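Here is the structure we will look at, set down as structure tokens.
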Amino acid sequence: MTTKNLVLAQADPPRPGRPHKKGRLTPYVLVIPACAILILALGYPLVWQFTTSMQKFGLAQQFGQPPEFVWFDNYVTLFTDPYMWAVVARSLAFCLITAGVTMAIGTLMALLMNAVHNAVRITLQISLLLAWAMPVVAAMTVWNWLIDWRRGVLNSVLSGMGLDFQNHNWLANPMSFFLIAMVIVVWMSVPFVAFSIYAGLTQVSTEVLEAAQLDGARLSQRLRFIIVPIIRPVLAIILLLQVIWDLRVFTQIRLLQDAGSIASETNLLGTYIYQLGVGSSDFAMASAVSIFVLVLTVALSWFYVRSMLKEDDS
Amino acid sequence: MKRKLASLAALATASALVLAGCSSNADRGADASADNSVKTITLWLAGSDTPDELREYLKTEFNKETGATLNIQQQDWGDLVTKLTTSLPDANNTPDVTELGNTQSSTFTNVGAFLNITDMYDELGGSKLLQSFVDAGMVGDKNYSLPYYFGSRAVFTRSDVWAAAGVEQPKTLDEFNAGVAAINAANPLNIPDFSGFYLGGQDWRNGISWIFANDGELATVKDGKWTSTLASENTLKGLEQLQQLYKSASNAPNDAKDSNQYIYLNDSDEIKDAEGAVTASTSLSAASIMAPTWAHWSIGTLGTDDAGKATRTWDDTKNAVFALPGNDGKPAPVFAGGSNIGISAKSKNPELAKSLMKIIFSKDYQTMLGTNGLGPANSDHVDSLGDDQFAKALIASASNSKLTPAAPGWATVEGSLVMEEFFNKIEASTDLKALAQEYDKKLTPMLNGE
Amino acid sequence: MTSTVQSTGTAAVPSRTRPQRTAPPIRQQGAGSGNRSFRPGRIVLGVVGIVISLIWVFPVYWMLNSSLLPNVVLQSTTPTWLPFGGSFDNFVAVFSGGTFLPALGMSTAIAIITVVFCLLFAFLGALAISRFRFRGRKAFVLAVLLIQMLPAEGLFIAQYKLMGSLNMLNSIVGVSIIYIAAVVPFTIWMLRGFVAGVPADLEEAAMIDGLSRTQAFMRITFPLLAPGLVASGVYAFLQAWNEFTVALVLLQDNSSQTLPLWLRGFIQASASRATDWGQVMAASTLVAIPVIIFFLFVQGRMTSGLVSGAVKG
């Protein structure tokens, strides 16, 4: 791809491959607002977090006692703590499964929207929109109530089907806790995935598809050779986001924990950081885990980040 | 051209941000003048426990006495620790006076969040103030936070179900334990998953009453060093009784916490169709529960108030309330609810804050707390609670009530939900002592804030 | 310059064809909905679509249903499926608290500021990285990608200190700044795809056809960007509308609560007596309604954006 600098840029056609002299400052001016807001909002907090992760910093330090600098002690404590690795393993499993399921369902929904009659598509879109529009706190309240051990609809329906789910407590067992959490997270994230992919699909020219169909290309071939290449950037960024979000999913887990379960057996990285920081006032450890999560996320998404950077370069 | 566009955009952003900033911050920073009438101090109250009437009283009285304005902000219990952690150390944004849970107060007191008010202690009530709460706000022999109000826990029952099962109101703890197990076995109304005594698997706040009642302690302190004592002999006795209750008297979920247990005492069979036939089944599923004494507002027959809001009316033919009896027949020591109140060490108006404290500890205000069902901090004014059965149960159970350990790390213990986890494992445990020792090991460093 | 407009009304797929300089391809006879919808496969898909819709919308329906029922009905062990005999009492009770409208105002202001500035900043940033090669570009792109990987749960103390020192606690701007920073990276990346997706020669061609640069942008690039802008805007809006932790820490005055804080306070206040599920669900509904209205609004924009994606013939 050559330099494209038409919008807001000079009218004369650019010479491919070489930045235009007059436009040399333009990109910098363009990124100033974004950079400024990022530095303003995140600069100090990031520095603070990094420093704090190498200090002894608890409630006493928060109330003015000078913190002691301990270099990497917090990290050593962290990495030798088997509990932390249990949380990491749990979070990774939860994240990958949930992100995978979300992507699969979201993609199928987008294709479905693309394939069905208008009325059905609009019905689908409206119900997805409604689910998407639910504020998280409100959604969690509803879900907590749907799965309520005593008066929840879920148990009532399952019992009505002849299964023994009367007064079944879904949150007591960590496995079923995570199953419920996954269902909720998937329910909340699919609309975004489905709509984004659907928006990508609308960029696929129907003429090309129809021409391909006329030429005898099967659905799978059309998907593979026409649709996927066009929506791949969307797929990549959405998948990346799902992985990032699901790795440190917080509100859903936290509010489910409030309703039941044993916190130490259902903690994921997000709630673990929160519990260390807010619960135990161990801000140093919370910072250290945060930094570790950052590194972990980068590692997890590095393949995508690199391929995106490459794609961006080409 | 394009540079102009970009810089215009930046300028527009900046000015919009500045403008919006001004409008929402105009009322800040008005502390300079010596005249009190332009001064405002902020009081944080936790939850909605303090009724509006009392808040209005505080505002008017404070203004009358000092000329300054009192700004009351209500903070939710669930988020209070987060907010105290961020705001109290910040002189520009700290509340001047704040309420906080009595179990949280030792932690914040120990890190120096509160002003030393030892000089006011006698003036505010001195030895008349509820001692266990006063202790929770002390470091050494200095007072930092003082009791605001207390609540306590009592047993609420369905006396009709107890009668149907042929069980009398118990006189001792053993009788209680045996009685609720008998009711559970009898299940006179044939309700599925019925509990003779509904006790949530993670409900340690009610559960520790059995530890206290057997003279057990959660932790002891020696030379400033705290030790968790779950595995001590008396504590274990209480834990064994609890395990028995969980096994034979309670069908509550293993992960249920101390919340809303009173709904299981209520019928909701008033739902009828047009012919008056009952269409929905009852939701009654427990013969007894333990809850804070104010829970009586949520127990009884359903009705509507003048505003059309659903209310519950206590029905003496169906409901009863009593203090959990101890082994000696006197009320058992239960975990007291309630909160402390203190002046922020970073307050810019400590004198005004002290004036507010005087109003709060005045006879008038203490009496108002009592008439609203909140146990007044000063024992001289406890009569104001009245003498109905709820006040009696409150006073009886509070007479012997206890607090959680006043250890610097207790808030950490609560924040990391270790007690919930420990109680959760009691029922299924085959070796309570080993379980208790395991958790002693976890708790001891936490208690000492390590 | 020629282009095709495919009517979204009749086509099964509301597709917008890319304006093309070649002659429009011949449309197959009967490619519209009229013919295809009778294919059995399509009917099956339609049924599947309806079933999925119902499953997905059920929790929302349940919230609405519960909000109309009195608490006593909700406490029953058998669910009541339809709100017969229901009323708006719960909503009246929620409104009578008098705190909903201020919170609505607060949330709306924060959401609008966040969306507007986020889209503006992100569009400029996306323009820079998709249309220019410049030194530091790679670092910028990398930073944009990495910043969104920071877990927010560890940052709140520092953000409180920051906003405290800027005297921006309890202020709309303080919270908005944090929110804009939180959504700008993703928005830049998303818009980058859309900006890059607009073939530059398209604009050139339009200008050769006699349009000014602004006209070319407004008539060609902007409509092509519209779905991207709408999607990013929706994303930014939802983040700002739903965010909880930062708001909790930065907004401590009762007079400056956003809707999630208000709702949570409402739930907690209700739980300290016996939870009144009917009122809690009514309150949840009230928080969701503005989002739904916003969505319906942008849905219309999106469609009209798609339709106007065509260039005059």
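When the chains are written out, they are named A, B and C in that same order, and each has its own residue count from 1.
Going forward, a contact is a pair of C-beta atoms (placed from the backbone, for glycine too) under 8 Å apart; a residue touches a chain by one contact, two chains touch by 3 or more.
Nothing here was measured: the structure is a model prediction, and the numbers come from that model.
Among the other chains, the CA centroid farthest from that of subunit C is the one of B. Chains A-C form the pair with the most C-beta pairs in contact. Per-chain CA centroids place subunit A at a distance of 15 Å from subunit C. In this assembly, the C-alpha centroid of subunit B lies 40 Å from the C-alpha centroid of subunit C. One finds 37 Å separating the Cα centroids of subunit A and subunit B.
Among the residues of subunit C, those in touch with two or more other chains are 75-78, 117, 120-121, 124, 156-157, 161, 177, 264.
Residues of subunit A found to touch two or more other chains are 8-9, 23, 26, 30, 33, 62, 150-151. With touch defined as above, residues shared between interfaces to two or more other chains in subunit B number as follows: 6, 9, 13, 82, 85, 283. Subunit A meets subunit C in the complex at residues 1, 3-9, 11, 13, 19, 23-24, 26-28, 30-31, 33-35, 37-38, 40-42, 44-46, 48-49, 52, 62, 109, 112-118, 120-121, 123-139, 141-143, 145-146, 150-151, 153, 156, 187, 190-192, 195-196, 199, 201-207, 210-211, 214, 233-234, 237, 241, 244, 248, 250-251, 269-270, 273-274, 277, 283, 286-287, 289-290, 293-294, 297-298, 301, 305, 308-309, 312. Against subunit B, the residues of subunit C that register as touching in their complex are 70-73, 75-78, 80, 89, 93, 109, 113, 117, 120-121, 124, 156-157, 160-161, 164, 167-174, 176-177, 248-249, 252-254, 256, 264-265, 268-269, 271-276.
Residues 8-9, 23, 25-26, 29-30, 32-33, 36, 58-60, 62-65, 149-151, 166-167, 169, 171-172, 260-264, 275, 278-282 of subunit A touch subunit B in their complex. Taken in their complex, subunit B has these residues touching subunit C: 6, 9, 13, 16-17, 20-21, 24-25, 28-29, 47-49, 73-79, 82-83, 85-87, 90, 92-93, 259-260, 262-263, 266, 268, 270-271, 280-283, 297-298, 302, 307-310, 312. Chain contact summary for the complex, subunit B toward subunit A: residues 2-3, 5-7, 9-10, 13, 81-82, 85, 88-89, 107-108, 111-113, 192-193, 201-202, 253-257, 283, 285, 411-412, 415-418, 420-421, 424, 446, 449.
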